[in-house]
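You will see subunit A twice below: alongside subunit B first, and alongside subunit C after that.
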Partner chain A sequence: MSSLTPDFMLRSLGNVGSTILTLLVAVAVLEVALWLVFSKLLHSRHALVIMLLTPAAIGLAALIVYPLLFEIRLAFSNMSIRRFKNPTYGLAQGWDNLKLIFTEPVLKQVKFFPILGRTFLWTFIQVSFHVTLGLGLALLMNRKIRFRGLFRTLLVFPWAVPQIVAILAWRGEFNFQYGYVNILLRGLGVANPPQWLTEPFWNYVAVNIVNIWLGVPFMMVTLLGGLQSIDSTYYEAAEIDGASPSQRFRAVTLPLLKPVMTPVIILGVIWTFNNFNVPYLINQNELETSDILVTALFRAAFEYNRYGFAAALALVIFAILLGLTILYMRVTDFKPVMKAGLSQAAGERRRVAAKAAGGQR
Partner chain B sequence: MKKSISIALCLILLVGALFGQTKLTLWTQEGTAENAFQFVQELAKAYSAANPKVSIEVLNKETEALREDFQTAALAGDAPELLWTVSDHAGPFVAAELIQSVDKLVNLKLYADATAVMLEGKTWGVPISSGNHLMLLYNKDLVKAPPKDTDELVKMAADLNAKGIIPLTFNQTEPFWLVPWLGGYKGRVFASDGVTPTLDTQAMVKTLTLLQDLKFKHKVFPAEANYDTADAIFKEGKAAMIINGDWSLGDYKKVMGDKLGVARIPMIKGGTWPAPYTAGKFFMINADIDKAKLAAVVDFIKFATNKENQLLMFTRLTRLPALKTAAADKTVTSDPITKASAEQMTVGVGMPSVLEMRAVWDAMKPEMLKVLASASASPVDAAKAMQSAAVAGIKALQ
Partner chain C sequence: MTTNPIARLFMRTRRGSPIGLALTYLVLIIACIAAVYPILRVASVSLRPGDRLLSTDLSIIPPDATLDNYRAVLQDTKFPNWLWNSLIITLSTSFIGVMVASTSAYAFSRWNFTGKKAGLIFLFATQMIPAAMLMIPLYILASRLGLINTWRGLVIAYSVTAVPFSIWILKGYYDTIPTELEEAAMIDGAGRMAAFLKIILPLSTPSLAIAFLFNFTQVWNDYLLARIMLQREEMFFWTQGIRTFADNFRTQWGIYSSASLIVSVPVMILFLFSSKYLISGLTVGSVKG
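Presenting the complex of A and B:
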């Protein structure tokens, strides 16, 4: 990193600083203008509210609404490297893109549905491991054990490391000759350890291992929070009723964790389905067999320059995720509004309390 | 009053100075590891020192990132004025109309062959260095004389393996390293029209079989090696030989000194000399820049490729100068490493810059990986899969 000189760092800070300064000045000018118009000129009661909300609304419009509209427009175009400056827009182009997604290979040889199947498998493996291991560890950490603080710190460690750094470190560890994983396997007597980065099956396994390692701490911390919010009197009541540990887990822990677990699983599914960093960076050799939908989308857009096609594919992925989320919310009867979530939690508590009280009677 | 006048004057001067200044941005894919990025920065600084009205900001981007970012930046109307990059970027940039022809901007007769960036009858880049080709580099402490053919290589490998030394390493993950062997069997990735892929051929099957045999039967290559691993084990003396490009010469010379030997990639027994792709580095100019900036850009290109700076590049980076007068200079011709590098170039073939090359690279890569990952992978199936993937990829690029 010989380019990281003081001069270079000063210039970088200068660039960042000047951007922040420009934004601050722009916000100040905007606030003054809003104050003059709404407070001084129109004497509006809502002047302060408008002044507080406008910068955020402009920011959201610029960073989310505009790119989203641009992406939708792009999905209805034939923009590619050969039609880079003057693409054609229209419904026919959108329809063509959609047809291509489902009938032609997304990248080289693999078509949409095999990649979709692999993405579902990846999501299923990941969320299952994250929830099972996360819940197991959370249950352990919820007990009064020695060095609990130390264990918690160690278990949260993968979450605390910047993701890119962790992934690149893992990639190095999967090196056939010098990676720690194979050194360990050789030490255990495996004469021919896998070629993690070049063999398609093992590469997919490697991608999964890394993401399990990265994802468990988040699940553990969130579920631990949920576990700690469960009143101990429920367990006491269940114990008096003679409930076994597994009965207590099924009748008390799981129902009371549901309001926490449901949104976390929804988030887990969406994040995993859309996880770009791990499959892209571990799959350094661009094996099509390790691609999931979002990495295929990225390659279609930026390696094959099929901008219209990739934008349409992004809309398809969005529709799949939306459908999945709605389905999951229906199945679990989950209401996403915070108030509803709280009342659901309270309802669960009441049900469990009534059950415990009934047992006592 | 006086104070106000002074402030106004200062402001006028400041605005005048700002308006008189031409600011250029140059993106290069030269990295810091080989000191090449620092060299580009030095050139920019030296030019600005001689031309105070022109300031050049030099930014480094990894090769693929440079291509992607240049396209994205061009879409946003914020692309850099000048690129210092590899020849194969010309294909996508010309297709997207992002760069301009240099035929009328500089006297191309002064430079080495620029066919690598000739598309649609025009030249799209000014040559900076020639070559960018692969060759055999060896550690003289471990190998007395380089192998002349693959049989010799196999014999040598047995001795080296017995001593616990990896005989030969190279980047096994990029098909750029496969192409020389394919050329050794007289295979080409495109038919004579320059755009129809010809990957499912006997030459390709023979190439893949040879690599598979060298790896699994004769244990010539290590089990797995990407660019960084190959580079590291050669520098550390764990590997006796490496196939790498001319861009790495400067660095190896610095690390290994007199221990470094350079030779042609061994001839294929039953074939010919392996034929690496040759191309080089080129300046490419943004299609959408105003006249004043274009004049400054052209002037900088002439400065960066004048004889003095070309020889400086040779001394610092051991790159073959593209300026004919510099390439003919004694400093260059008398250097044994450059001589051997140039010798390898004579059997090389020009790398295609057409857009379709992207699909060919992507088609070759996974199949090459498969064949080099397992002794049981079928080269015949791999060649077939390469062809169908290349055809699909080219269709997708339309």
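Presenting the complex of A and C:
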């Protein structure tokens, strides 16, 4: 007999439904109030804009802005499991947390800078593998080949399967005896295949393998989209001018792919740096040697219950990430891309679309 | 970057030298096997009878295939409850998320107001915040408000998770719809809101679908927030629940695999059908039009 009884279903439905209903009613009341105040009372021209933006603004303020401000306050406290209800706040506490981050082990053994180095290495390995393999596959897929649709479907499998399922399955396959990774290695004649889940070095390798496998399809699909939007006349012109294949690649493909490549690389760096599921779940034995910054942060907060310390660590991590992004935007010319995304391209598109619509009329 | 060998392969064989073409197929086939094999293994293990779960056999369809594991996961575990929980929460929060995002995106697309640029940059910046970083204050605030082990807190939090990204997607799409359409409707006497509801929203169905799908996958695949907010087993999300199978691995590998397949197959079918649109939806705001 299944445990999913009609009674259980109704109870949970009622539970979720009442919350949703409360939310909807609250939004409706809010909208009417805003309309009364801004439109009827103040006769503001912007009443509608305010009404449109307010629900999202309140939601984001309550669930992102306020928690972040609260986190800053927390960083100046000594909150832990023992001092959950009555922590002390103060500059001295903040200073202590900061000192602890850089002088003591973040969890039990490993200090901050080795973890930072490992995080950078992880980000570098991942993004370079994703881009190289993704671009390579995209170039192959962009040729005149048969079964392209089939290849594409099969190649995006790792992206399509729910991440948790894929990660836990991989973890099983890294089992020393029964996982196919070691079965294959033994078949290839490796007498002593690695203990993927317990040896620090090999665990780090395992985490990397899984994430490469997971991340290549996204890069391939986006870069293939970029490649397909490059007009073939560029290649023909380059060929007439006598450009060699590698010259064509460097002079035509790469520059024209840049508008697609720059944002996905930035996203890739951010996502990899912040990746939690893969390093956390593959590392079944909680080896500190496989932790990257965000998993160490999570463990400090939720396994060691050092909330104040973890909040300070979170701010340090965020500062690093912000610095990296700004640096990257400076080095590459990301600004035009960003600006184009914000206004220019939009305006252009609107004009083109308007023209098209006008032509049809 | 060291892509030159690959590039050369690609370019030299453009006009179809047979060796290059064969190499292309070979590389693609190897890549496909690497991409698909781990998932096929899960499918294979799910079909094995209980006494052969741990074996060093690599064949995909076992000779003595059986559906016992599926029967076990649906009847003897709480997995159906977890799926149900995930399903109702994911559907309802995605609906709210898209609703909130679609109206805000309209404001961002059609009006110029102070703070518009700052708002868009803020939305972009939220994508940079590590999820683990937000968990600390969210957990403490939720426990102070008594929202741990309730779905109320989770539903509210999930309704907002994908809003910033959805606003970006939808704004990009609204921008491509000419304003003349609404102006015409307003000349005919419709209000601004009626024009939005009757003209813009129906025209945006494809991108609304993308935003919904994006919300859906974000929440459906979330592990972190659910793990922090829910501690009672009967309230679990499937992502938490499936981990309990995998953690005492030696005994429940078969159950884990069949549960995995039950969640994965519908999601993968949905994804494979929609991934093309998903990508065009993601790039509409960033690449030249």
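Observations, loosely collected:
The rule is simple: the second predicted complex is superposed on the first by the 326 of 361 C-alpha atoms of A that agree within 3 Å, B and C clash if a C-alpha of one lies under 4 Å from a C-alpha of the other, contacts with A are read in each partner's own complex, and residues count from 1 in each chain.
Note that contacts are C-beta pairs under 8 Å (C-beta built on N, C-alpha and C of every residue); 3 or more make two chains touch, one makes a residue touch a chain.
These numbers come from a predicted model, not from an experiment.
In the overlay built on the shared chain, the residue A:68 is in contact with subunit C alone; subunit B does not reach it. By the document's definition of touching, of the two partners only subunit B reaches A:305; subunit C does not. In the overlay built on the shared chain, the residue A:53 is in contact with subunit C alone; subunit B does not reach it.
In the superposition on chain A, A:94 makes contact with neither subunit B nor subunit C.
By the touch criterion defined above, A:215 lies against neither subunit B nor subunit C after alignment on the C-alpha atoms of chain A.
Of the two partner chains placed around the shared chain by superposition, subunit B is the only one that A:288 touches, whereas subunit C remains out of contact. When the two complexes are overlaid on their common chain A, residue A:104 makes contact with subunit B while staying clear of subunit C. By the touch criterion stated above, A:279 is placed in contact with neither subunit B nor subunit C. With both complexes placed on chain A, subunit A has more residues touched by C than by the other of subunit B and subunit C.
In the superposition on chain A, no contact is made by A:268 with either subunit B or subunit C. The residues of subunit A shared by its contacts with subunit B and with subunit C are 1-3, 175, 177-178, 284, 302.
On subunit A, the positions that touch subunit C within their shared complex are 1-4, 8-9, 12-13, 15-17, 19-20, 23-24, 46, 48-49, 52-53, 55-57, 59-60, 62-64, 66-68, 70-71, 74, 79, 131-132, 135-137, 139-145, 151, 153-166, 168-173, 175, 177-178, 180, 183-184, 213, 217, 221-222, 225-226, 229, 245-246, 248-249, 253, 259-260, 263, 267, 270, 273-274, 276-277, 281, 284, 294-295, 297-298, 301-302, 307, 310-311, 314, 317-318, 321-322, 325, 337-338, 340-342, 345-350, 352-354, 357-358.
Residues of subunit C that touch subunit A in their complex: 1-4, 6-14, 16, 21, 24-25, 27-28, 31-32, 34-39, 41-42, 54-56, 58, 74-75, 77-78, 80-81, 84-85, 88-89, 92, 96, 100-101, 103-104, 106-107, 109, 111, 113, 117, 120, 124, 126-141, 151-152, 155-157, 159-160, 163-164, 167, 172, 175-181, 192-193, 220-221, 223-224, 228, 234, 239, 242-243, 246-247, 249, 253, 256-257, 260, 263-264, 267-268, 271-272, 275, 279-280, 282-283, 285-289.
On subunit A, the positions that touch subunit B within their shared complex are 1-3, 80-82, 84-85, 104-105, 107-109, 175-178, 195, 197-200, 284-289, 300, 302-306, 309.
Taken together, the subunit B residues at the contact with subunit A in this complex read 32, 35, 37-38, 60, 64, 68, 71, 74-75, 92, 95-98, 172-173, 222-226, 229, 355, 358-359, 362-363, 365-366, 369-370, 372-374, 385, 388-389, 392-393, 395-398.
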